[in-house]
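Take a look at the structures below.
Each of the two complexes below includes chain A, the first together with chain B, the second together with chain C.
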Partner chain A sequence: MSMQSIRDGAVSRPRSPVRWALAAALAAFLLVYPFLFRGFLTHIGTLVLLTVIGATGFHLILRIGLVSLGHAAFAGVGGYTSVLLMMNYGLPWIVCFIAGGVSAALMALLVGPVVLRLKGVYFVLITFTFGEIVRLVFTDWQSLTGGANGISRIPPPWPALLDTTNYYYLAFVAAAATVAFSYRLLASDFGRKMDAIRESESLAEANGIPVFAVKVAVFAIGCTLAGLQGSLQAHFIRLISPVSYSFQESLNFLVMNVVGGTHSLAGPIVGAVFLVALPESLRGWVEYQFMIYGIILIVVMATLPGGLVELWQNVVRRIGSKISRGDR
Partner chain B sequence: MFTLPVLSQIVLNGITLSAIYILVALGFTLIFGVMRIINFAHGEFAMLGGFALLFLYSALNLNFFVALLLATLAVGAGSLVLEKFVYRRFYQREMPGMIASLGLSIALIYGSVVLWGTHQRSIPSAFSGIYKMGPVFITAERIAVIGVCVASLLLFYVVLKYTRMGLAMRVIAQDRATAEAQGIDTTSIYRYAFFISTAMAALAGGLIGQLFSLSPFMGHMPLVKAFIVVILGGLGSIPGAAVGGLILGLGESFVSTFYGASAAQFISFGLIIVILLFRPEGLLGRKEG
Partner chain C sequence: MSAVLQVKGLGKTFGALRAVDNVSFDVGESEIVGLIGPNGAGKTTAVNLMSGALKPSTGTVHFRGEEVTGLPSHRLARRGLIRTFQATNLYPERTVYETVYVGSFAARKPDFWGSLLLTQAYRRESDDVRDRIMVLLDELGLGAIAHARAADLPYGYQKMLGLAAALAGEPRLIMLDEPAAGLSAEEADRISGLIEGIRNRGVSVLVIDHNMRFMARLCHRMVVLHHGTELTSGPTAEVVRDPRVLEAYLGTEYVVA
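Let's look at the complex of A and B:
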């Protein structure tokens, strides 16, 4: 595991111009996407971009070796905060958006120092429990949250964003900023500390890394991203309810990361595309849509333990070795 | 309010719930203890058990107990196919196993939707009698449910404690490498453990169908309860699952009678947070090595 992650941690060391060319090509494609695929596909594209934000937050937490099954709860805190501030107090959207992130961050700073005392499978279990409690609060605090029915007719950030194509570009900017930020973070000194903590906490501690503080900080950053996604998504879908932030949603973040690949930042991006777009693309077989999706999930896990990113790396390696053989 | 008839009724309801929770949680904890898989499809085996019972009992008109036994065995046997094609690839690999079982859970739920639709069904009540024991009223249905649970829990205990197979399972749970070095055939023991686990889930599913209702989505409730019970008692601990199930069932029955169902949920989750913080290995679990 450790050798593997050191090698695949290459994403934090930008070496090849090819990598930059690929990123530029991807960005160009995403910019013209709404013109190539109109209507419903733009809607799906927007959802994918929004999901990338939360999935990247999950990935950061995963990079210090922790799996949080309460991730959707933080998206919920961000979503409800932002929506309630806008609908009850008429605050401008940007204030609500920031408040969504800040509320998730505060919650993470409050809960983090407690739950981060646990490790491994126990951390998974306690975050799961925390997520369930938050969902219960959303359901039972009816006067504020509208109970199980949730809140509908949420206004868009501003009227022009009622148009899906416009919202797509907002989501694009947010997702790109998130990925760029995370990329820099993972490549920085701080990112090195995160890697050290994942590989061995005691060794990191012995080398003078403030392990607990770094863990709390990473947890808070990851949860903030979830809160920001919650806010953006609430104003896009324009309907929120406790179901939007259930245990299943937290699991989806995990599935995205594992299916995409847990060792590189590309993982959650690939995973988000896979997880959001795949069920939609199976709509042709509406009846069997989720059945096929479940089976694909099993097959991917059985054949590609390193996730879809591994498939890509294998292809690249095979092409690379073919080329070098051709040279000889 | 705290009169003897009320209290004893609460205890009786609590024991019925506990019995079902324990049945579900034991299988869940067995698979985790032996194969190191958090089986997210566990609730779906309960769902399948419920539908198998519905078919055997209402459509074929078999005797209730015969139908229940056949449904249990049928789901257990059917699950071995899934064990061969899905689970076997993921043993001892916690993360991929978790995701794969999640995929299986989704596939089973929506496969059932295709077969049976989404509406709620109920298994016609097999029993109509009501008995009065002192101040307590008890329906024949509950007696049957508790009886079946207690009998199968005893059987489970005997198998695990006094047979070579049970011994092998306990050895694998403690130290797999040593178990294999001692010549234990882990593959076939895994198969037995899997069969026992899913059969118990199916049995619980049949009983849930008898007491409450059936739908392809009913697996979520038993899964969450199993989660809670297992955290309470300790992951992988068999006596822990029994104690955890009793605490959860009785506690839920008591709190929800006096303070409502959502208070019961809040308290059970709050309790878990406290236990995880101060005794993460659960009440009766052992520390992870």
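Let's look at the complex of A and C:
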């Protein structure tokens, strides 16, 4: 490699046209998806897109080296806030949607400065505990939340969105915006600070990065995305209850990231497809769900530390090296 | 000569242990001061106290005329007081270039929205930053391996990378915690030369090491720690002949001609 090419590549590696073509093909496929797969499959597609939003939020927190097992609780805060504002006060959906994100963000800014003082397994445990407390509040504050039965007959954002295909496109826009924002965030200087913090907090501090403040900010951003997903999902399924925001749901976000890949933003997207579409398609196997998850997790962690994204990268690399060998 | 760093009565206790006790000294403009002492003398604890990694139990630290006692590391780094680490402390998965790029954050505040949206102004600025970093990497002999992962580098290069990242933050005072530890004699000489070069650019240097030969050649003045207290301090030529210093170091191969 010449010195010049090292210099040019130093700041941003050139984006291969193949990558753009793939992204465009994926976008095109997602846009025509409801026409290719009607009915129930559009319903699942919508759920996948909505899940991508929360899973991406989880991923951002993971990228500063933290696993939050309270993630679903923030989706719950967003969901309940949005639904209650709409049903009790008749506010327009867009206000409720924004309030869903803001409420999750405020909760994160309240809880974050406390829980982010802990690291590693202690952070996992305290976020797990926090998530359970929130779930208990949802269950026990019956006058407001409807208790364990939750709230049903939630109105859609607009009457037109009773149609699943229309909701699919709303979910598509929201998921695309989330992924685009997160992609740029991770590639920006702020993303470099996140990488630095994950890899050495003490050096990051010595390099002038306010580690704690960055952690709080990332935690709030990740939880905001969970809250927005909570709002969108509540008005789509039109039923919420504490079960939707339990520890298992938080664990699902973790499994999505591990299965998809923890080093790349593609990870939570691939993982969400896998973990939402698979159980929905295998409804008859519900009792074996967690067993199947367990087996998949063990296999992926043992053979593909970078998740399914790594599998894909390996395939691309092999094809690439075959082509270049053919050229010679 | 005005002092860049003034340390007065610095102390730190961990329970009943006095790791550092009543240490006072100054570092002047463009001066290389050595902090020496046998293993366990409290050198690294002193660095942690001055650089904000630990809060002192007693004493004050002034940097460029302002009191900075107990300020967190990142605030001190942004004011121009930057430290390196004794053990290899790098971002293992980052490349050489990326590491030094992160190091430059101590000297500048990147525009968050500009960087997120890749505005023209931000692109222009990052071209400048890239050029400056490549110059620095070439000076330190790291230019050809700008894309190597930090974890894959040989030890000597890792030490050099730690130094490069600190320098990218444009320090006014750099604290080097055992910059030559584990290096060969030639590599240590090279580090010596680099430290003199850093000083010649107007940066003050505080070096921590227990290798007397390396330190005696490099430092203008020395502060000797022993069991957490200040044994003596003064110009290098006097310190290395001080009988108390010889006593503290007895049994090691340091004897300086």
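The rule is short, and it goes like this: the second predicted complex is superposed on the first by the 297 of 328 C-alpha atoms of A that agree within 3 Å, B and C clash if a C-alpha of one lies under 4 Å from a C-alpha of the other, contacts with A are read in each partner's own complex, and residues count from 1 in each chain.
Here, contacts are C-beta pairs under 8 Å (C-beta built on N, C-alpha and C of every residue); 3 or more make two chains touch, one makes a residue touch a chain.
This is a predicted model, so every value here is computed, not measured.
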Partner chain(s) touched by A:Glu132 [first = chain B, second = chain C, both, neither]: first
First, second, both or neither for A:Ile323, with chain B first and chain C second: neither
Which of chain B and chain C A:Val32 touches, first, second, both or neither: neither
Which of chain B and chain C A:Leu185 touches, first, second, both or neither: second
Which of chain B and chain C A:Val18 touches, first, second, both or neither: neither
Partner chain in contact with A:Tyr288 - chain B first, chain C second, else both or neither: first
Contacts of A:Ser202 with chain B and chain C, given as first, second, both or neither: second
Overlapping contact positions on chain A, where the chain C interface meets the chain B interface: none
Touch list for chain C against partner chain A, complex: 51-53, 72-75, 77-78, 82-85, 89-94, 97-98, 101-103, 105-107, 110, 112, 115-118, 126-127, 130, 133-134, 143-144, 146-147, 165-166, 169
Chain A-touching residues of chain B, taken from the complex the two chains share: 38, 40, 86, 89-90, 93-96, 98-100, 102-111, 114, 224, 227, 231, 235, 262, 265-266, 269-270, 272-273, 276-277, 280, 288
For the chain A and chain B complex, residues of the former touching the latter: 67, 114, 117-118, 120-122, 125-126, 128-130, 132-133, 136, 139-140, 247, 251, 254-255, 258-259, 262, 287-291, 293-298, 301-302, 305
Chain C-touching residues of chain A, taken from the complex the two chains share: 3, 6-7, 9-11, 184-185, 188-190, 192-193, 195-196, 199-200, 202-211
